[in-house]
Structures are given as C-alpha cells and as structure tokens.
Amino acid sequence: MIEIEKVRKSFGQLEVLKGIDLTVKNGEVVTIIGGSGSGKSTLLTCINGLEPIDSGSIKVDGQDVHDKRTNLNKLREKIGIVFQQWNAFPHLTVLENVTLAPRKVLKMSKAEAEEIAVRQLRHVGLGEKLSTYPGRLSGGQQQRMAIARALAMSPEYMLFDEVTSALDPQLVGEVLDTLRMLASEGMTMICVTHEMKFAREVSDRVAFFHKGVMAEIAPPEELFGAPKTAELQQFLAATH
Amino acid sequence: MFNTSLGIDDLIFLAQGAGMTILVTAIAVAIGTVLGIAFGIFRYQAGPVLAAPVTFVLDLFRSIPLLIQLVLANAFIGTVLRLKMSGFTVACAVLSLYTAAYCAEIVRGGIQAVPSNTRRAARSLGMSWFQDMTHIVLPLATRIALPSWIGLALGVMKDSALVYVVQVTELLKSTQILITRLQEPLFLLLICGAFYFIISFPIARFGGYLEKRWSND
Amino acid sequence: MFHYTFHWNQAFQKLPQMLDGALVTVEIALASMVLGIVFAVLLTGARLSGWRTLSALATGWVEIARNTPALFQIYMAHFGLGSFGIHLSPFTSLLIGITFNNAGYLAENFRGALKAIPETQTRAGRSLGMTGVQAFGWIVLPQMLRISFLPMTNQMVWAVLMTSLGVTVGMNTDLYGVTQALNAISFRTFELFAIAAAIFYAITKIITFGARLLAARLFRY
C-alpha cells in the first residue's frame, strides 16, 4: 500500500505540490491526469525518493520513504519506475540492460538474472531483440525494454511517468498494450498519462491534478461521466 | 627563496629567451597555418587516394618526436647537404611544417563539418567552386576550427621549448643556463613556468569560451 | 648528388640496442598512461566534489599541465623537487612529468565527456535501486570511457613522443637516450636518428591500429 499524506513540494519559489493526499491499495490501478505543470510527474519521483519532499509523508508498505533511516536503495527495489524518456543504457545490449540491476543490486547470478530478463522481455514482446543495442530499436521498443528492465526487479509497485508522451503516435499503442497487460495481471500501478481513453479503460480510480492540488478523484465512469469541478470540465473539453 | 642572486642582467637574459620563444612561435604558426590551410583543402578536395602521399608525410610530423625532427633536419642540412643554415632557420622551418601537419587536420575537419546542403545551396545559386570556398565554406569552417587552432598555436608555443636542440636559446634554455650558473632551480623554473602560463592560460580560456559559445547556436 | 656517404650498415648494427630502448620507451609510456588515467579520474572526482580547496587544487593541476611545456613539467619533477632535497632518478622524473601531463589533459577530457552523458542515466540507475557508486561505475563510467577513447589513444601517442624528453634530465635507456648515446660514439647522427624516427613511427602506428581493434571489440553500440 502506498500512503501519501499532505505532501508539499516546492522548486524554489514555485510550489508544485500543495498538500496531496492519496492512498493506493495493492492491486489497484490509479491514473493521474492533468495539465502540464500540475505536479503529477513530480509526485511520482517523490514516491520512490528520487526527489525530496518539503513536508507531509509518503509511506510504502508502512515504511516512510523520506525518513533518513530508510534505505532508499532497498526500497526502490520494490518500486519500479518508467520515465517519459526511456533512458536506455546505450552501451549495453537489450538483455544486459535488463540484467544489470538484478545482478548488481539483487546479486543474482548471471544465469538467474538472464532467465528472468528473457521472460520479462518476451512478456513485452522483445524476445527477438535480446542481443540488439538500444540505439537500433524504435522509441516504442526502447520504452518496452525500460518497462521490462523495471519488471525484472520483481517490483510490487510500478510508476509510469507519461511513458507514451515522447513517442511517435503510431508507437503509442504497443506501449499502452503492455501497460494494459500489466494492469490485467494485478500489478499495483500509478500512471501519469495524457491518454484519456487508456485512463478510462484500465483505471480503478482516476485523479485529476490541477496546479499542485488533487482537484478530483473518482472511478473513471464517474470522473469522466460527471466531472464536478469547472477545471476538470475545461480540461476534458480541451483534450477531446 | 627571496634571497636570490638573480640580477637585472639575468632578467634581461630571461626576457630575451621569452622573446625568442614568441618569435619562433609566431613565425611557425604564421607559415604553418598558411601551409596547413593549403594542405587541408588539398586533402579534402583530392580525395583519400590522390592525397595519400601528402597525408603520409604530414602524419610523419605527428608520429615522430619533435626533438628527433629537429635533430634530423639539422643533421641533414648540415652534414648531408653541407649547407650553412642557422639553428634559428632550421627551428622555424621544422616547427612550421610541424604546425602545418596539425593545422591541415584541423582545416580538413572544419571543412568536413560544413553541411553539404549549405554547399549545395551555394553552388545552386551559381557560385563557382572558388566562390563557394571563400564565401561559404571557409568562413563557416573557420568558426568550427578556430578553437582548435588556438589550441594548436599554444601547443606550438609550448613545443618550441625543444628548439634548444638546434642551439636556439629560447625561454626554457635560458632558464636552464641561469640554473647552472645561479643554482636556484626552483625559483628560476617558477619564473619560467609563470611566463608560459600567463600567456597560455588566458588564451586557452578564450578558446574554450569561443567553443562553448559557438557550439550553442 | 650528395658529398656525404651514408653508413646505414654501421647504424643498423645498433638496431638491437635501439629496440631495447624502444621497449623502455613503451614501458614508460604505458605506465604513465595507466597512472595518468587513475589520477585523471581522481582529479575529475575532486573537481566535481564541490569541496572548494580540493577542487581548486585539482583545477590548478589540470591548468598547469595544459598551459606549460611538458619539458618544463619534467624539469620541475627533476630540478624543482631537487630543491627540496628530493633527488629522483631520470626515469622517475620522466615518469612523473609525463604522468602529470597525461593526468591533466585526460581530466579535462573526462570532464567534457561526463557533461555529454545525460543526468537521466544516473537517475534511471538509481531508480533501479543502485547506489550512486554503482550507477556511476556501471552506467556512467563505461559511456565516459567510450567518449574519451579517441582522446586517450592520442594521449598515449603523445606519451610515447614525450619520452624523448627524458634525455634532458639524463635518461639514457629509452629509445631517444640510447640513440643519443650511440651518436656520441659514432657520430652517424642522421642514420641513427632516422632509424629512431622509424621506430617511433612504427610504435605510434601500432598504438593507433591496436586502439582501433580494441574499440571495435569494446564498443559495439
């Protein structure tokens, strides 16, 4: 379970998160929508401790992420994150990209790590590309590789930060299909996305962020069907 | 260290050495740059096969220690050809070719970095090869190559410390002569090093600044 | 055409001695390169450490190495340290001088290479649970070494050429030193140094060719 309570976060003068409360239960899929600068991506990097927070608390399985005594490296093993820019490691093959962290962080043997990596890469449809270097892959393939790389750590939670925003339109579908598959397998996920149709399909709940505040949160039928706030109505009108 | 027996005469002697360093460098860089531009354009224009002999000879200058180049040139001119030529002339000649060899690489790199579309555009406007070269390619290539060229000029200044081997008393050699006489190596070396540093450092910084500024637009 | 009679045979008889010298030259160059890389990594770390004194010292090293003649640096190791009562052998002075020079140039290069690697690479590593050191070692460092590979090859060639400066502090076992010593006995200056030049040329070609082979093996991406 991820428990976010009264989280505030500023970059200099700019307050990007103004007291966020959100609890995500195991097996739940929550998508976050909202305009740019609404703070939704920042929240994800705060959840795995890549960004510090100013006040409030974030607990993962009861463990406080921003407590100094927390071993963040240990904690990150169970929270996978995939970014808008897939950040493939260009000097490693697809297989090596995926086995690196299991071998170095989880101290798995090469054979063990490769077995898991091959399984995850097949899972995202890259079983044929094991010895290819990322530079030879399309953006969509690199993004799926990044997902497999995160999954190879056997995380309990997955965070997706606008994973399709940097992709050419024809490549968006293949990545969203991968996310749908994960959702259907019961992975606990928080997805920041611009894809409304996707949000409507996969989410248990959808949260709407506006200027650092979570303006609305509800199951998709409710949120999309009967938006309560004027901001959400405007946002939805603009995205259609 | 401040109880030095270094006198005014010695300082003048050092200054003369510094003057020689600058003179040799200036001559070598001037001649070397002209030759380097010619060789660079030739290498680019003639293609790898035709340019091969030039490429090979220029590469020799970059693959053999400068000290040996100077000794060989001196021996060849003096004992083989039996020509009377001053060490200064030999030093300038060798250092010029040495500079030209590096400069040709920089020029070729600069020309290659000019986008071929830009050149095609120039030629399609009816410019001749020569016009394209002088109005489009060289101005653009200069921008790309200038920071490296500044680095080269400073490199030549530092390498000119080796011309002592053909009896040219430049800065480092004059320092060494004084060291032998005064037995104050550290103090004298620091003066000598400071001289190189004071010339080289600001110019190198300026080159770095140009590189940064021009690579941003 | 020439009034001069070349005595190539006489010079070629000295080839074995010169090749022994070449071996010493390569040894010094290699040692100075390995040490240079180690110090360059340390200097780069020091410059990025944010600790002001340390960073200023490292920057001082880099700027002196890049803005004074290599010969000056060797003199400093030999005569400069001598003033403090530290008397080093010609071999050690030469090795220190070249290493100092290598480290300075390489450190500047490493810093540039690091700038070319996006911050997000480290971030991606950290988000997989790696420590900062792991992310640097497994993700950033290999990419940095690739970007710096050609400059490192060039520096290695420079190191070989710089060994010739050892003669100025009394070095007589390297290729240049041996040639100089032979010349003092036989006076076949042109022939002897022409052979030395050919050996230097061969060494640099072997280095650049070897580096190309190595690069093709190491960097397949």
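As written, the chains take the letters A, B and C, and residue 1 is the first residue of each chain.
Convention: contacts are C-beta pairs under 8 Å (C-beta built on N, C-alpha and C of every residue); 3 or more make two chains touch, one makes a residue touch a chain.
Labels paired with UniProt names: A = Glutamine ABC transporter ATP-binding protein; B = Amino acid ABC transporter; C = ABC transporter permease.
Just so we're clear, the structure is a prediction, and the values are computed from it rather than from any experiment.
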From chain B (Amino acid ABC transporter), the most remote chain by mean C-alpha position: A
Chain pair with the higher count of C-beta pairs in contact (A-C, B-C): B-C
Inter-chain centre distance, chain A versus chain B (Amino acid ABC transporter) - centres from mean C-alpha coordinates, in Å: 55
Centre distance in Å when chain B (Amino acid ABC transporter) and chain C (ABC transporter permease) are each reduced to the mean of their C-alpha atoms: 20
Geometric centre distance via CA averages, chain C (ABC transporter permease)-chain A, whole Å: 47
Complex contacts: residues of chain B (Amino acid ABC transporter) adjacent to chain C (ABC transporter permease): 60, 63-69, 71-72, 75-76, 79-82, 154, 158-159, 161-162, 172, 176, 179, 184-186, 189-190, 192-193, 196-197, 200-201, 204
Interfacial residue positions of chain C (ABC transporter permease) with respect to chain B (Amino acid ABC transporter) in the complex: 2-4, 63-64, 66-72, 75-76, 79-80, 82-84, 157, 161-165, 167, 176, 189-190, 193-194, 196-197, 200-201, 204-205
Touching residues (chain side chain A, partner chain C (ABC transporter permease)) in the complex: 48, 50, 73-74, 76-77, 80-81, 83, 85, 87, 89-92, 100-101, 104-106, 133-135, 146, 149-150, 153
Touching residues (chain side chain C (ABC transporter permease), partner chain A) in the complex: 118, 120-121, 123-131, 134, 138-139, 142-143, 146, 219-221
